[in-house]
Amino acid sequence: MLAESLALSAALFAIGVVGVLTRRNAIIVFMCVELMLNAVNLSFVALSKLYGATGQVFVIFVMTVAAAEAAVGLAIIIAIFRHKQTVNLQNINLLRG
Amino acid sequence: MTSFLNSIGYNSWILPVLLALPLVGAALLLLRGTVLRPAGATAESIMRESRRWALALFLVEAVISLGLWWSVNSTSPLWQAGFLVPWIPNWGVDLRLGIDGIAQMLILLTTLLMPLAVLGSWTSIREKTPSYYALLMVLTTGMLGVFMALDLVLFYTFWELMLVPMYLIIGIWGGNRRLYASLKFFVYTMVGSLLMLVGILYLGLQVPDAHGLPVFSYDYILANVHLSSVQQLWLFAAFALAFAVKVPMWPFHTWLPDAHVEAPTAGSVILAAIMLKMGTFGFIRYALPLFPVAAMHPTVRFLFLSLAVIGIVYGALVAMVQPDFKKLVAYSSVSHLGFVMLGIFALTPQSVQGALMVNLSHGVSTGALFLLIGMIYERRHTRLIEDYGGIAAVTPIFATILTIVCLSSIGVPGTNGFVGEFLVLIGTYRTQPIFSVIAASAVIFAAAYLLWALQRIIYNPLTKPENKGLSDLNRREIALLVPLLIAILWLGVYPKPVLEKTQAAADRFVRQIESGGNADAGPTEPRR
Amino acid sequence: MMTVPTSGTHALASTVAQFVWLLPLLPLIGFLINGTLSLLAVAKLGPDDPSAAGHDAHHDDHGHDHDHGHHAARHKFAGIVSLVGPGVLLLAFALAVAIFVAMRGVEMHEPYLLTLFQWMPVGDLHIDAALQLDPLSMVMVLVITGVGSLIHIFSVGYMQDDPGYPRYFAYLNLFVFFMLLLVLGGNYPLLFVGWEGVGLCSYLLIGFWFSEKANADAGKKAFIVNRIGDFGFLVAMFLLFANVGSLDFAGVAENAGKLPFGGVVITAICLFMFLGCTGKSAQIPLYIWLPDAMAGPTPVSALIHAATMVTAGVYLIARSSLLFSMAPVASLTVAVVGSLTALFAATIGLKQWDIKKVLAYSTVSQLGYMFIGVGVGAYTAGVFHLVTHAFFKALLFLGSGSVIFAMHRAYHATHNHDDAQDMRNMGGLRKYMPVTWTLMWIATLAIAGIPPFAGFFSKDEILGNVFARAHGSMLSEVTWLGVPGGTVLFVVWGLGLASALLTAIYMTRMMLYTFHGPNRSGQAEQGHLAEAPWIMTGPLVVLGIASAAGGWLNLPELIPIGPIGALEKWLEPVVGVATKRIAGTEGHESVSTEQMLIGIAVAIAVVGITIAITRLKPAALVTKKESPASTGFARVLEHKYFVDEGYDAAIIQPTVATSRVVLWKGVDVGLIDGLMVNGSALAARALGWLGSQLQSGQIGTYAWVLLIGVIALLSAFTKYH
Amino acid sequence: MNYDLLIPGQLLGALTPDLILMGGAMLLMLAAAWRPESEGHQRTVGFGALIVLGITFLSVLWFGAKGGTAGPGVIAMDRFRWAADIIFLLAAMGTIALGIEHNVRDGIRYAESHVLVLFATSGMMIMAAARDLMILFIGLELMSIAVYVLVGINRRSERSAEAALKYFLLGAFATGFLLYGIALVYGATGSTNITVIGERIFSYQLHHNAMLMVGIGLLLVGFGFKVAAVPFHMWAPDVYEGAPTPITAFMASAVKAAAFAAFFRVWIDAFNLVDFAWFAPLWWVAAFTMIVGNVVALSQRNIKRMLAYSSIAHSGYLLLAVLAGSRLGSAAFLFYLLAYTFATFGAFAVVATVSRAGEQGLNIADYDGLWLTRPWLAAGMAACMLALLGFPIFGGVGFFAKWYLLQAALTTQYNLIPLAVLLVLTSVVSAGYYLGVIRAMFMKPRPEDAVEIAATGKLTRVVLGVTIAAILGLGIFPSRLVRLTRSSVPTPPVAALVPQGTTSVR
Amino acid sequence: MSNQFYPLFYSFHFYLFGLMALASSLMFVTRKSPVAAAMWLVATMFALAALYIMLDAQFVGVMQVLVYAGAIMVVFLFVVMLLNLGSPADLNDMRGKWGRLLAGFVGLALVAELMALTKSPLDLRLVLPAATDVPPTGGVIASIAAPMFKEYLLAFELTSVLLLAAIMGAVVLAKKTDAR
């Protein structure tokens, strides 16, 4: 099932990417990134079948990182919402050029 | 004189001292203008003080450099007044100085012109004078360094060193379009020189020393680096571009008119008299000896001869229709420097010597022209030829000197201009008759543009009321022009001492190139 | 100045000739003194700080109006200048005479060479500052210093009221210096120094009254046109050095023989050299500057534009006779151009109204004669005509100067602003200036070729030589542009005769309109017309004598009224070889032919004068103001065949326009600066602007760009499995 | 000594400087929370942070001087690491020094901002040390998360918040790629250890393994994002502009340096053998980075944006060192990074001085005639601009940095001459905007209505003085630095790790 | 790749959960409402957790449910609610039709390129013999604990620093802006 897992991982990753490209809500974009990380996790888990439990350790680390990112990311989104009253990325383009 | 100079070890310290002195002066002057600025100083008092110090420093520089006239044995195959201190050993870069007859003349030209440049700025530069004179000093170091360096990286450093002061001099104290002109000057020069940088690097890495480190010593590269003709071609292109921009050869010349027109008087003088010479010097010292096969490849040679001749004729023709006198002189520089390039690439003893002579005499004549323009500009605040006319009636001394200088620029025999051009042309004729004949036609155009301008400035009816009140030159101005007039006549009537000094180096150059670079004639290591 | 006589063994070395360097030095000293005085007189040094001084508008200095004659007061240095200016010339003349005497005492097989210092020693090129004294240069030196002295003296009177008095003498002295350098220089480059130097002085003197645009224009034109010729001279020198290996006269003489006779090289050398001569000596196609040069003071016209400088071309060819004798085609070219110029200028001279212009075209025409002479290898004849022409043309110019002086004084007195040089404003001056009238008639007869005046002998010798060479000489045996040399020379001879006829006509016309008939200068002015002071008439008298008796310098065998062929013998060491080479063995005509030739020449001169006297009606003339514009061919002649306009339209304007529109605005500003330099800068900026437009501030866009990068990168990486 | 990294005690020993920094950061975090936020407290903590950095710096110097090697394991003990650490620490000190005064002006009173700089720096030090992709990843995240916050630390500023959001979202996006790349490389080689990866590629002939290729490609995306290489650079200008100026300086120097250090080590140690695959893509990335960075910088009016694009361009130059990939490349790389850090800090110190609260005074037009009122400031800025331009003497060490890069490029077996030529040509373009600043400062008059520039703070003065002195001093005497960087190259562990349970191919 | 035989039951469920993950992730990216999208993401995570367990990574599967779906996603939802972004009406969230099409296309291209990774077989020599069949002694947790606290001790400790920094950062950013 390794090949299938890797393929599924790639597909999920691509879906996450497509989500980033199509969505304009900052939170949803962020969630799409989370999906990408989950897809990578799947790869790690699948590979751990092959190389031992190290891959699973990586997944734990990635989860931690994701949690940390979530904390900071959501704080940032709240901060911008305070300024703009929106999280629509289309309206967030003060910095340009 | 020689024994006296030997007794004080002149040759062992003169080059570094010449380089360091202006830098020290610049630092002191800058400090005086800022941190150590006396209480209650006005712009006027600062101006008076800084110009006095600058003049004093440049006079000292000029006087001590005069010893080179005697101390340098120009017939020796060795570098003279050599100086060597390691700089960046890991990169094979050293402070390696030394000169030959050619460099000697250019150094003297530089040191002797700088006091005049200061005098030319005496009253016309009134703002930020300490910085101005400090920049002039740094510029001097850069220019002298270019003529002294025997290490390619060092050479490049000096080459670039003079760019910034000149950029600032044009950009800060220049005319209305100074921003455009200064940027153009800078970028133009940089395009060429950066490619040369790559070329220098490539050369230095060719034959590493015993420790596998690159070597950038000129002599070492000349002796040890053997390149294929394709390599030579590329490298020659990189070097030649840098120098051709500086010379400037057609079609890389368009920075020159703008830079000249916008620069303050001293800037124009230095640009024309010395900086352009660095380009030709580069060809003689670096581009040709290092890559003789490429340079003497028929196509390349033909190209450069053509560009030189195009520059000669084109510069003259375009100069003819310039409404701005400074621009006219700028284009005339293009024409004159074309002679130098023609002489170099024609590669006969006469043409090369002639090229060196044109180098010097263009420095003197064009320097004087720019000084004169500066003087009249200070009075009338216009450089347009049409704004003058008939002023010989009110400013006879100005008119007389301007006439003499113009004549020397035209190349009337008996003045310096003739000797160089004649030698270039007669030498060139032996190997490149067609080019020589086309170039000789410039004697007509030169007369046309300069005399036409002369007529419209000092002759014709004195109709403009503003011109009727013009005051003639003052004592300072006359005093600063007289040395140039003497040089004009001296070089024209009795150029032999100068020709003798450059003879050995020029002959060596010709032999070097003709023998395809592996000549044993190249100067060897400097004395330590 | 270091004097290192290299020819210490020469017979002249121990004579006064060793001071030959003093010859040019004397006028140089004069120049320096006068020049300094000139500047001292006018110098008002500016303020120490010109930029601060600004323009003080109350500076009411407008007194320096250089129009001559407006200032009654003499120059403050007039005394010392009057002493120095002509003084140095007289000293030089004295020295020249002394050297001449010394030379007569020794056998001059080879020239006396005095090397002062090395000038341009580069590799195998050795150019010394060396003076060369030989019979030819001696002749020239005598003419220059002699005629020059007279003209200097004349100038003291003529220029007396001019505010630029010291400047004038400075220039004049400088001119003599360069002229002496020209004839004394021991090699071509040094000769060239003098050559250009005299051009320079001519420039300065033509534009002496520079506040008039026309004068300044004329000076500039003279210089530039001369420069075209100098270009040729330069190329000739390059050719010489490249092919002969030397630029010394001695070296050239030694090595020129190695060149193939009549070959391309020698012909090219000679033709380029002749191009130089056409510039300096005002031949077709470069003659155009000389008539304009009359803008200078009249003594200048006499000295520079008649007697000395313009003959430098003739001197050069005589000096290079060895070369020309080896290039028959070139020699024929010289003769043909000379003859065409002679005729062409003479026709223009027919319709000029300005008295000096008439003389100017006459000079051009006579120079053509000289070139015919040296062209056909009659070097002595050419030089002979040079000398006699120096006498009578200087006289004519000075005479006209004296007329203009009188006219000007009269106009000045009555505040009339009419043209003082236009013959339509003159007439009947004989009454007021009889001395001038007499002397000018002598000169006129001389130039027309009436025996026994000087011009008759020299002109006849030239025409005779042409005729002789035409049937049986080296020249007659070659073809010139496909035409046999003999035929060419016959044509030349014919043209020479024709111009002799015209010369007689226009000279007589000039005399008639100026001195005869009723006076047209106006009632008021007539009272002020008077003969010039003695300082001006004195030199005229001397020149008159010379014009009358100059023929005795080189009498033909047919007229044995004195030493036969003195000049020919004198010049034999210099031009003898070349003359013989061209003339060949069968050079001489029979006595009867020669007699016939003389007869024809005299007849033509007489006919010309007669035609002029009978056909021209001075009484019918009206003043310049009232004259209607001429029409038809007369108009063409009056406008000098529109040659100036033609040059202007065909060469000058296109060159200037091309330079401005195509080269400067097009190539420089447009192509290189606009397209390449600023264009690339602009392109970079435009690209930058585009790039910053892409930077829209939208995270989505950024993610898109990033992803495109990802896809591109991955596609590069996935091709390796 | 040789550290056996499998023994926890020795591992900690090998991490001494990092631990000092992290410990100090934690202590300061407590200190920051100890008192209510105020300007004075912010300043106190800032000085504390400087002290912590100083101690760390000394320990790094000590390690660098003493040397020491490490056995197989997750971190390296080579001088490359210490050299990189020196750059991070210098930048961090500069950031805090500028930050203390800048915070006061902008009304940022959180002492935590300095603590976050310390955290970010410790992340960087981990990155420079990491010999394992996982460690590298966590170090990178530690750095990134801290910097995300720092960018948005000016809570009053909408721009700051926007910059933080952009940086965060795109950063997280790019992290996804990086992580996926790590996973795939792991999948292809069975290890995340850089040394082992390199060895396995060699011993198992993985040169054309597709998973490895895709993995490398994705890693390149991840690193490319962090170093702001085109086309992953789009965030940089916006974020640089929006971030508080000291943080911008920090990002332009330290963050980039850390990413590059890790990038360099991974590329040289792990993927050296598959250069055929990454060489061409990276070549093009480098070329585009130079071109886009320099060209777009030309049209900038805001000086921070301009410096952002300039920073992009410099990433392109640095990629040349990665491409050269040699020992000399490493030396040139470190040399360049150091020179660039100095120049950047000098420039941003001036920017911080000239700017005013509320993101004012950041346009190049605000520099018009600066020379007339603040000559030293203008001179300093000019030196920095010329250093960034790579100009000899006046630009000091900037020239030698470029020179070294070119030297590295021309001494490899790869044909980097076209890229070297592109480097110099784009440098010419860069003259267009660097000189623009000089031109504004020196050649234009000071506008009548120009706002007076506040006095330069003491710390800013120190930063400026030190950087300028370093730029000019090293520009005249670069020899020692050359020697140091030449000896600071990534070195493999002393005893190569032999993969267990596998048989060697040969 | 591994040519190990899998029972049909196992395969069926593997594919089932795989398809669920795929389908719910597609739903996730296409929902307009943030809340709905978040719920679909949670579904994806559950499906993935099931897959983890099927891949013998039971501990990770549990962590996935607890940490990811349970904690992280709750925080997401919390923020959505906090900012009152619940209703889709006031959001023009999605790109236009062309944007979506293009994104889909680009996504396919990306998948195609990523799929290349499956093209070359993994080198079996790399595979640890112990990991192929024999279940590790000490249970599932021990097999994870060993590398985590030995080889990756450093990484583990670093994550704690990371979390610390993140917490502090979040606090600093989310604190109420003080009045100026």
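Order as written gives the chain letters A, B, C, D and E; numbering starts at 1 within each chain.
Here is the rule we use: a contact is a pair of C-beta atoms (placed from the backbone, for glycine too) under 8 Å apart; a residue touches a chain by one contact, two chains touch by 3 or more.
Note that this is a predicted model, so its numbers are computed, not measured.
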item	value
Partner chains that chain C and chain E have in common	A, D
Chain separated most widely from chain E, comparing mean CA positions	C
Most centrally placed chain - per-chain CA mean versus overall CA mean	B
For chain B paired with chain C, centre-to-centre distance based on mean C-alpha positions, whole Å	38
Distance from chain B to chain A - Cα centre to Cα centre, in angstrom	64
Centre-to-centre distance between chain D and chain A (centres being mean Cα positions), rounded to whole Å	25
Where chain D and chain E are represented by their mean Cα positions, the distance between them in whole Å	31
Per-residue multi-chain contacts in chain E, two or more chains	95, 106, 110, 113-114, 116-120, 122, 126-128, 130, 151-152, 155, 159, 162, 165-166, 169-171, 173, 177
Touching two or more other chains - residue numbers and ranges from chain A	6, 13, 16-17, 20-21, 24, 29-30, 50-51, 54, 61, 65, 68-69, 72, 75-77, 79, 82, 89-90, 92-97
Chain C, residues touching no fewer than two other chains	681, 692, 695, 697, 699-700, 703, 707-708, 710, 714, 718, 721
Touching pairs - complete list by chain label	A-C, A-D, A-E, B-C, B-D, C-D, C-E, D-E
Residues of chain D touching chain C in the complex	165-166, 169-170, 173-174, 177, 207-210, 213-214, 216-218, 220-221, 224-225, 230-232, 234-235, 237-238, 274, 276-278, 280-281, 285, 292, 295-300, 429, 432
Parts of chain C lying in touch with chain E, wherever the complex brings them together	700, 707-708, 710-711, 714-715, 718, 721
Chain E contact footprint on chain A (complex, rising order)	1-8, 10-19, 21-25, 27-28, 30-32, 34-35, 38, 41-42, 45-46, 48-54, 56-57, 59-61, 63-72, 74-79, 81-82, 87-88, 90
Parts of chain C lying in touch with chain A, wherever the complex brings them together	692, 695-700, 703-704, 707
In the complex with chain D, residue positions of chain B that touch it	34, 87-91, 153, 156-157, 160-161, 163-164, 167-168, 171-172, 178-179, 182-183, 186-187, 190-191, 194-195, 197-198, 201-202, 205, 214
